[in-house]
């Protein structure tokens, strides 16, 4: 008996990537794909690489047959997802929400960082943060999972071990992140025009990006410390990929060798199939199209810093891949089912 | 019982792509990977995206245990492959040769167009040209298959119906092709340096590219006509992808509508799972990472020409994907086994 | 005494490139830059690379002080330019119109190919087609110049000699052109999003692009023949550059060697400083940022075709550079003044 | 009377960029261009975008006529330059060395960080560090100038004001830098192949890049402090451009507003025509092809850090442009002569 899924909001990059993964997933079927702006149109007319593969018609979310579904993926912008969570608060199916609407600890923090009123605050307590490396038990029994942000996924997995172990001064962490252009979404904006992104590179949202608080809250909750993170996102001239370069100053009195550091990472992520502790600094192309997070931690004895490189594919481990990973856990499947992919490189 | 395969020459892009496909193939195992230049090194040290996935050591081809193999893929440059064909002429395993050494009709043509002496001419008669859309019966019973060139695959599939049906003047076909940079191989050359290819675009080998004769011979043999092809390859600033724009002048007296033309293409490729007749002009990104050849034929009544757009991924349908397709046929598997992939877009 | 110029419509790529050229031009000043959508804003706020260099405020075209100007560049979309031509039909300044509104022979052809009513047909007879290599005398005495389209510039300069000399069958010319993404303009459209263009390549407007008729009319008028052109534009994943690959079948009875062909091109463009007859096939990066058109003609004796490669920078020789070249001629300056640039490569 | 210059080693990107600048420079002539590997060949055969513009033959450095020169640019790899400095230690012309051979304080530091014996240590004391914003007086009277490294130029200009003013803890500076691929040179290497760099991004030389010590020594000498710098270079999939994101922790007790910080930067670089203090975070494309260093300093009161974005074109302000700037100073020309360029964007 396969898991019957639907994708709500399938015209974006995340929706398209979910469709790819679900179509190839041995234990899932794609019962419905919705789009309010393109309803009535074939999915493959919006995403032509699905021609002949996913030709079913996009429908309105109002036409969804609730009773026929086991799982719904909300691939919607923040501020929109919450309406569907409200609508389906008592539905029989499970929900993985890929937006930012339920990732933070409480509605107040949400409203402060997202500058938006939250219209369904009651659901915060029902959501589990869907980072399987840390919350797999909670995810297994959750009805609703808030899929992590792309930058936070790379930042949290990279920084967690050194904060948890008390190796670095957690109140002055620097996380310098670089993301491919799909992170900005599919909507036509002057800032993501080809000729604006190509041959270019720039920082944005310095000091005030919403993912900052997500990183701090999750790292803090999981390590029982209160990290302060200087997070700076940059826009890379690539389609996919996030690389975070994480800097922590080694605490006074702490002695740690490179080998010991690597061992800590290997132990922390032992048994987690999608985290690879690499022997050389990884490039984003080495995880492209996969659900891997590649980590490369290193000690600089000259400066007294630990530097960690963390890479993911923002549409996979940073969005759709992690959502399917969460779904696998929620339905008792093997973690890697449908996700045993190899990077498309070059 | 799985098919035991080996890849001979695995440091290039084609070898890496074969490793990806075989690793994910439900009915194949990868028993050995060879490299003379990197023997003793892990495969994943040469291609780091395989870290944790294909970590087996590269061996010399001389260390291969012949008896343990069902199938060998020769992923070698032309001029090198023939040595292995000679060495293994009586071996028990089957061979798919991805080089140009046995694609042409006879050694004389080879020596003229490749400017190289052929050292094992006897094998020409044993090879079948591995374009499954046209030669699937021969491939099924072949011991040795010459996998088609990348440009010829796109050109032949695109041009065949209009020549076969006698719609266009076959002695003045224009095939204007554009290929991503992986077509030039992995070897460091000044012409394929990043800063040479990026933001650039140029034609090369005008009038004398080796694939010209391959296109003419195969099209000629299959249609019983003698096409003359003006083939011009160009280098695109992308990793993958070939797009061929094919121009044929409609013969005097021939009347053909756009709908009729499309019907001819649909009939010709009916039952061939990897050819898609598209309703809009396809881009190379829509077949990236897949074994599809997307075709878009159109009539221009104003000029009296037929224009056909043909797109493939040069490393897939133009190399490794087609090789696995051939292998599936040679071993009686389902044609699409291990190849039911969806384009990684964006 | 410097030539006082204004740019009407300066928020696009062409307007920005004109501002670059005029600012650096020894004999021109930039008196005004207009934008209806961004009036009141600094030019450098719209195009930040001009920060500290061109900080003057954008004004509305209605605020222009006509009496203070010698020359106006209309850097507007087709359909908009004609309104300004009408408004300024009796103004004292000269006009270079970079749109397509007055490039064609007559309003009827315009309305057919542009699918748009022409609201100021009277001006057609006053405009000179601004291709300096062919119409320099007319340009010198013109009040109004229609700056050629980008594709037509590359196509006409490349194809003219072989048609003029009667070498090829002019009724079956194939012009396969590839352009960088700036050709599509600065407006945010889903088709020119970074992730749509990057790693992609596709043909568009097959058989019906508006530049087809411009190519045919100008080539026809200048050669006294009636060429029929199969023109296919493609979108390259680069910012700038057009490369046209031009195919002509050598007429029966004509004998021409490669050397003779090159000589014809050298003679035709002798004395024209912006056409370079190259000894090897040029890439688009070799003309980037310059006003050059690089040509590479070649004979293929095997097939009986002539192939000509023609490259330009679409924003320079295909737009702003050619406009300044025209302005130089209109005001009796040296042709190359302000345009003696060297390609920014890499 | 023009300044007669020569470029020693003109086959690389820096040599080509120097040729572009000198050719366009009103007060310089290019008397000789040398290459040991390509002597006898036209410069435009090596760099085809110079076709028709710089067609002079490359000669061996041994053929140089010393007496005819005023200035020699050494555009050579480190370890090679020193030989020419030795050879020409008593020559009549001045020297700008673009390699790393004489940038550091002493031969011992050089040998430690460059892992190479220095064969002409005597010249260290004769060299002036050619960063005009800090050493213009020394440069004006120097015979030999060591042109700064590309990363150090962006890092030093960005970090200097906050260290000089004692705003941040200088012993824990983080400089996260990203450079386009031309920084790796023109030599064919597998790491700079198109398909390796394209769609990729990675860190390298973490904790041990040679530019680290150059940054520390120059910053230290100029500010009379002893900064410790955690410098991490990354490889961007672009041709040109460096963006450094600089992080400093505000010292205990220091109070600084964003406006005050910007004022400090404006005062520090007042009168320096190539440093622009930007009002928004700059992208590398906004300085492409120019000699500008664009700086964007900002305070994050939440975290207590100062973040400075610093962008340059690595081949211009990071190499050839700065070399010409130095030459202008050495010969009493206007600082901006030949360098009043506007970015080629897009």
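Quick notes on this structure:
Order of writing sets the chain letters: A, B, C and D. Residues in each chain are counted from 1.
Heads up, the rule we're going with is that a contact is a pair of C-beta atoms (placed from the backbone, for glycine too) under 8 Å apart; a residue touches a chain by one contact, two chains touch by 3 or more.
Source: prediction; values computed, not measured.
Of the chain pairs listed in B-C, C-D or A-B, the one whose interface repeats that of A-D (more than half of its contact pairs identical by residue number) is B-C. Look at the CA centroids: the one farthest from the centroid of subunit D belongs to B. Averaging C-alpha coordinates per chain places the centre of subunit B 39 Å away from that of subunit C. As a whole-number value, the distance joining the C-alpha centres of subunit C and subunit D reads 37 Å. Per-chain CA centroids place subunit A at a distance of 46 Å from subunit C.
Of all residues in subunit D, those that touch two or more other chains are 13, 182, 195-196, 198-199, 237-240, 282-283, 285, 288, 346.
The touching residues of subunit A, when paired with subunit C in their complex, are 13, 181-182, 186, 188-190, 192-199, 237-239.
Contact residues on subunit B toward subunit C in their complex (touch as defined above): 172, 174, 176, 178, 195-196, 198-204, 206-207, 228-230, 232, 234, 236-241, 243, 245, 247, 249, 281-285, 288, 298, 300, 302-305, 307, 309, 346.
Taken together, the subunit A residues at the contact with subunit B in this complex read 13, 16, 20, 23-24, 47-53, 182, 199, 239-240, 276, 278-280, 282-283, 285-289, 294, 340-346.
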